[in-house]
Amino acid sequence: MLIGKVTGNIASTIKHPVYEAQKLLTVDILTPSRIPTGESVVAIDSVDAGVGDLVLVTQEGRSAMAIVGKTEVPVRTAIVAIIDKIEIPPS
Amino acid sequence: MLIGKVTGNIASTIKHPVYEAQKLLTVDILTPSRIPTGESVVAIDSVDAGVGDLVLVTQEGRSAMAIVGKTEVPVRTAIVAIIDKIEIPPS
Amino acid sequence: MLIGKVTGNIASTIKHPVYEAQKLLTVDILTPSRIPTGESVVAIDSVDAGVGDLVLVTQEGRSAMAIVGKTEVPVRTAIVAIIDKIEIPPS
Amino acid sequence: MLIGKVTGNIASTIKHPVYEAQKLLTVDILTPSRIPTGESVVAIDSVDAGVGDLVLVTQEGRSAMAIVGKTEVPVRTAIVAIIDKIEIPPS
Amino acid sequence: MLIGKVTGNIASTIKHPVYEAQKLLTVDILTPSRIPTGESVVAIDSVDAGVGDLVLVTQEGRSAMAIVGKTEVPVRTAIVAIIDKIEIPPS
């Protein structure tokens, strides 16, 4: 799983039917110190996240499908939590 | 899932039988700001996308198989939506 | 599987129900010579690991789900062992 | 899926029994413009490809297993087509 | 699948029960020309490989599980063959 920050959303009219009711968000991937890694993904939202939220992203199809509640939905990337705090004690 | 732009198509005579009826497109992966990441993939089309279209690409075998409607088709990468608009509010 | 070092933990109030009882740790990925690769992940803990521990991390959803004991938990990354020693004979 | 060029083959006497009858080829991954990405993989052949052939490579275990016709064969990477032509219209 | 060279082994007392009887080896990933890519993994051994051996590594959970003979073992990376020879004809 990865830490990310929601940056925007995607509008799409022509899409595979199983995506009809899904909210698609763009997410920048961050390090635990919240530095952008340069990687971005498109994720399905399962926790009502919004732009600016720090989130936990899973990238496993089987998991992502379980989250949206239908195994036939072809998703691989999903937002599974809104992060309140990342605690990194000094080493 | 990733954002991509369709750049071309692939012709192949000798192929595994399960690919017979599938349209294969080359896709450049972009950031949400539409900057090419340098990564390219070959994807099966499920939404009648064409060269130049901005698309949503999934890279999960199980999902991709569900999309083409046969679980025995050995695909990992599929185009699942044509993107109308990517909204990235200023942060 | 990858070698990692636990660096911190993540607190989250709003999350997908299946994550309720799970401990989420941030892990820096290391080479076998214990040099950080620059990659970091968020992992579910299955062996009561703590900050500073050298650990073995698996990144396969099916496996990670088996480890937390419920196949419906959408996890892809899990800590499966605390490493005592990495033996690299001189080549 | 990725585009690749077959560069050689691998000989192995001691191997897991399920690999006995499989032909293993080394493949350099290319961009759609046929520029090497620097990545190389070992793939099981399903279309009688040879050194120098431009091929389509899938990297999904479930798919690769389906291709070799036995789901118990532990493969993740397989050659699924020989590419005749990649058409990239000028943009 | 990838080509690798076994570099060492990992000792672990505290681990998830399913790992009890498994031998864990550190493996440097190489190109077909045997140049290290800089990537290293921890793999479960299925062919009695030792330090210095050139090996074939699979990174697919389902496959790796099949190799160790129990589908409930949470492994993603396994050594499936010892390589005798890599033949790369001059191009």
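Read from first to last, the chains carry the letters A, B, C, D and E; within each, the first residue is number 1.
Here is the rule we go by: contacts are C-beta pairs under 8 Å (C-beta built on N, C-alpha and C of every residue); 3 or more make two chains touch, one makes a residue touch a chain.
Because the structure is a prediction, the values reported are computed rather than measured.
*Asks:* What rotation angle superposes the Cα atoms of chain C onto chain D, in degrees to the nearest 5?
*Replies:* Angle of rotation between the two copies: 145 degrees.
*Asks:* Can you work out the whole-Å distance between the CA centroids of chain B and chain E?
*Replies:* 31
*Asks:* How many angstrom lie between the centres of chain A and chain C, each centre taken as the mean Cα position?
*Replies:* 19
*Asks:* Give me the residue numbers in chain E that touch at least two other chains, ranges are fine.
*Replies:* Those would be 61-62, 64.
*Asks:* If the ring is traversed from chain D in the direction of chain E, what sequence of chains comes out?
*Replies:* D, E, C, A, B
*Asks:* So in the complex, the part of chain D that touches chain E is made up of which residues?
*Replies:* My answer: residues 7-16, 18-19, 24, 26, 40-44, 51-52, 61-62, 64-65, 72-77.
*Asks:* Report the residues of chain E in contact with chain D in the complex, numbered from low to high.
*Replies:* 1-3, 31-32, 46-48, 56, 58-64, 66-67, 78, 80-89, 91
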